[in-house]
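What follows is a set of structures for review.
Each of the next two complexes has chain A plus one other chain: chain B in the first, chain C in the second.
On to the complex of A and B.
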């Protein structure tokens, strides 16, 4: 008789997830419905004030900036990651290329951000090169604006986009592309019509891996944005309210709300996919 | 059987760790980063046999949040004046036993008189006191009028920073407009906010972490912030004609104080440690390492380096000690997040 040991083996992992993820999240949800105490902490009294605060014009503006940054940073990441992953999947030196992508990420996250500061600064490398080439004659400040934040965010999320894409492209049957070209389709067109639809799962996965962490970013806009217009993200708002105002329910409410939006999105995608699978099965019976 | 043994080993480890975390001859100090030299802690152990374990923070806000949220067990913390009041109000402090702090008598009367947030040092002993001013690179921009209005000068646009610190930056704008840095008047805070919004156009960024390095590398010429931060960076950079300006309109004084937490199990040793830090030779040594102005006449004689300013100069200019604002704190957070967003 085969005993199902799965439960026993996963017990430790389950305990860890429950205690370290689910319980803290429940506390966060619970706190979002309490009254704030201006010396920090909460008063154990039901209140919807936190939700009233976040459904305001002020928060809508922060959300707008955050979404704009997330959109551009994600798009930029995908634009760079797609050709990289494509090239990697076709290359004979896959292992080396994989190393080249992963090794920089052994360096501390903060160190990499400071490296970007050294590149973009007024007396940084980029300015030095442009000055030497005579393209500009006074140093241009690339740092402390929205574009800089987007570029650095895209850089930091690049491997998270390349890896799922690479996985998807590697499984792709390249003879399909040959077939398309045999039938007279151009190179670009066959990529767009054959490759992209076939690796859609990988594209969606990497977009999710990239967009969600960017949406919650705190440290990059804080260091690269310098508190300038258009660089203020929701993560900074949460820190500002939590640390400076010592208001705990409002950040909890933001978190709770985002969690539910994400969950709804997740289930919507799942329902759609299973619907599609069913349709597909019905069609091909 | 093997598995069981491994499991019990893990459990035992947890038990041991939780037991050993509080020993009689160990003190847990929660201090600002770069605020106490390691060799002072080392010498203290040599002298008294008490080991000090240091943990650091970068802002009052994060220190307070950690004390409120975590189960972190510290004996001594070094909050600024406003947070001494807050911690005391929340019942998180143990009273200071003054008779155990014999070295408190070295601190000058007029400096003790300044500590209005804790008269008679019932809850705290001063560690260091500083006045926030303007660091300028005189070689680049020449002599400047000591005034907050420097941030309004368009000719310096893009070469100046102000602190990414709500109380400090709004405090500067409040002082510039002739108001108290502890103002709780919504109108005054509104005016200060508008001043800051005007200044922001000329600023490269709001930054409380990197301005020292940026100043030393020459990428900024005017930095609102603490002199010690810049001076530490300048040790390795030369050729910068440095000057620290205390604006004539006044500004913010921060008093970082040593407090003993109410849940400390080592209050006796905590007092011994605080007394040690107040001893003139130790005080002078710490001040020399980090370029702070000293609090005692005695330490002034012993110190080897000069500080950028004397705290009494700030007092003469009408500088004020930062106080806790209680509920009115939200007036500042409102204004501050508006400034960061626009």
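On to the complex of A and C.
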């Protein structure tokens, strides 16, 4: 048998990953347990102050708003992305549609956010149209509220949701839908009972790709929310504490906590899946 | 007499410029095993899909039990399909696949359990209920698809080339199974295939299709023994096909002059009565042609009843139970196909092999007039 050389080939990549991600993460965890230095940086003295700070009502409220915004923005993204991806997968002009999705993302992120500001402003594009059509009499301020933040977050996330969904739907065997119709199921019911379960992997991937970056967003709530009530997210809190209060341990503690919550969730899913497989194998021995 | 369960009336279907089905008028009798047979692109699958409801005819009407279902959605029709690629739901177990139609109808748990078990038994898959689809072999998937399509008790079961993905041996076994299932459930089966041997072996009646049209509709025996067109004669089994001019008619006996071969004797049946001067197609199946190294005595015993020729075997294909011979006629380029059975040891005459010169002959009754291609010009 030939020797597996995989280890040697990946050695370089492993060294790079270790030094550039794992070591900084360990530094973050380390810093979260140190005392803050009032001029920035840390004093090398053990302290749980950072954790005491984040387990407070103030932080709980920020976390709550962040979760609500993440939930609605992710839901909205998925609701728009699913029909888009379905249409794209069935279209004869897949390549063109794909370009239409991707090309805007070659322009600068910040520029696109400012474009949204230009649309939503009091004397912006949307108000202009609504006034001209006579739907409203006085300009309405669409900016600086939670809905605006959610809409713009959904906009920025769309391609990351559409691409995995498109991949999954393109691989889906559409004769299964015909079979479902043939066996007496209506069109919408066939989609719900046959299409959705069979592209579950793509849906989960989309939600992960969308929800995690939204959860840590900083620019969109900062520019579109304008610091108004209900728009303030954890990412802004981290930036505030870091830059304004020059407190390093607190953001480190937030990051450490979130990392552990994510890891626990990940392993819980893993254990459940392997348990299911074991049960299944035991049943069909 | 059994009535018709399916009726195609002047059904036509085109996709853009392409005419898939030119004009179909077919009646399928209740309870029969009906085959749509033809080469790929002949329109047989389109016909089936229109019956299932996946395509709407461009014109014409389809009746199911005398109800016009032409524009009815697939989920509203009492027909079910076994798909070519099975189209089993990969996220569901064997049991849930078969139970799918019943779950849609919100049947009680006990009824679902009982009926799924019954149908899994019918297709001999008891004990596989908990399996995932990916754990099944091709033949087993096939049977799950059949059980799933039958559990709704459809009026007609449609089978879209269901055996094409299986290997030759399994195909034989599945054919036997299909036949048994058809006998047991008594549902009308409509079977689409491009494989003439499948169709011949299992069908009650066959519609042979070509280029969007039904060329011939009849029992397997009729279609094999008395094809109505050169296409059917060629498509169903191998054959020797000739075109020639009638030079003499005496009762049922017809003499036909075929270019570069000579005069062939053939007997006409009741359907086709050629006259002197007509141009006709005639055919003789390879298995009807005998061959031997010596001149056969029977030809002299019944003079004028046999066609006798002499030629060289230029190719021979060993097929196990028989050999197929390609014989070039002396003084001509024409190649006859003949089947030589491998006889038993004691019966064997001198062995015939490649490059031997042989006599070959057939009785006039074994040839068959396919069609009159061109009537004699009236003088």
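As a working rule, the second predicted complex is superposed on the first by the 274 of 285 C-alpha atoms of A that agree within 3 Å, B and C clash if a C-alpha of one lies under 4 Å from a C-alpha of the other, contacts with A are read in each partner's own complex, and residues count from 1 in each chain.
Just so it is clear, contacts are C-beta pairs under 8 Å (C-beta built on N, C-alpha and C of every residue); 3 or more make two chains touch, one makes a residue touch a chain.
Keep in mind that this is a model prediction, so the values were computed, not measured.
Engineer: After the overlay on chain A, what do you see for chain B versus chain C, clash or fit?
Structural biologist: fit
Engineer: Tell me which partner A:279 touches in the superposition: chain B (first), chain C (second), both or neither.
Structural biologist: neither
Engineer: As a test of reading the superposition: which chain, chain B or chain C, is in touch with more residues of chain A?
Structural biologist: The partner that reaches more residues of chain A in the superposed model: B.
Engineer: Considering only C-alpha centres, what angle arises at chain A between the directions to chain B and chain C, nearest 10 degrees?
Structural biologist: It works out to roughly 150 degrees.
Engineer: Could you tell me if A:232 is touching chain B, chain C, both of them or neither one (first, second, both, neither)?
Structural biologist: It touches chain B, and chain C stays clear.
Engineer: Could you tell me if A:41 is touching chain B, chain C, both of them or neither one (first, second, both, neither)?
Structural biologist: A:41: touches chain B, not chain C.
Engineer: Once the structures are superposed on A, label A:240 by its partner contacts, choosing first (chain B), second (chain C), both or neither.
Structural biologist: A:240: touches chain B, not chain C.
Engineer: Applying the document's definition of touch, where does A:62 land relative to chain B and chain C: first, second, both, or neither?
Structural biologist: After superposing on A, A:62 lies in contact with chain B but is clear of chain C.
Engineer: I want to verify one number: the closest Cα approach of chain B to chain C after the superposition, in Å.
Structural biologist: 45
Engineer: Per the contact definition, I'd like the list of chain A residues that touch chain C in the complex.
Structural biologist: 173, 175-176, 178-186, 189, 194, 197-198, 200, 283-284
Engineer: Contact residues on chain B for chain A in the complex?
Structural biologist: 59, 61-62, 64-65, 68, 86, 89-90, 158, 164, 166, 204-207, 209-210, 217-219, 326-327, 329-330, 332-333, 336-342
Engineer: Which of the residues in chain C come into contact with chain A in the complex?
Structural biologist: My answer: residues 52-54, 73-75, 79-81, 83, 85, 87-91, 100-101, 104-105, 130-131, 148-149, 152.
Engineer: Where on chain A is chain B touching in the complex?
Structural biologist: 38-41, 58, 61-62, 65, 117, 121-123, 141, 143-144, 222-223, 225-229, 232, 236-237, 240-247
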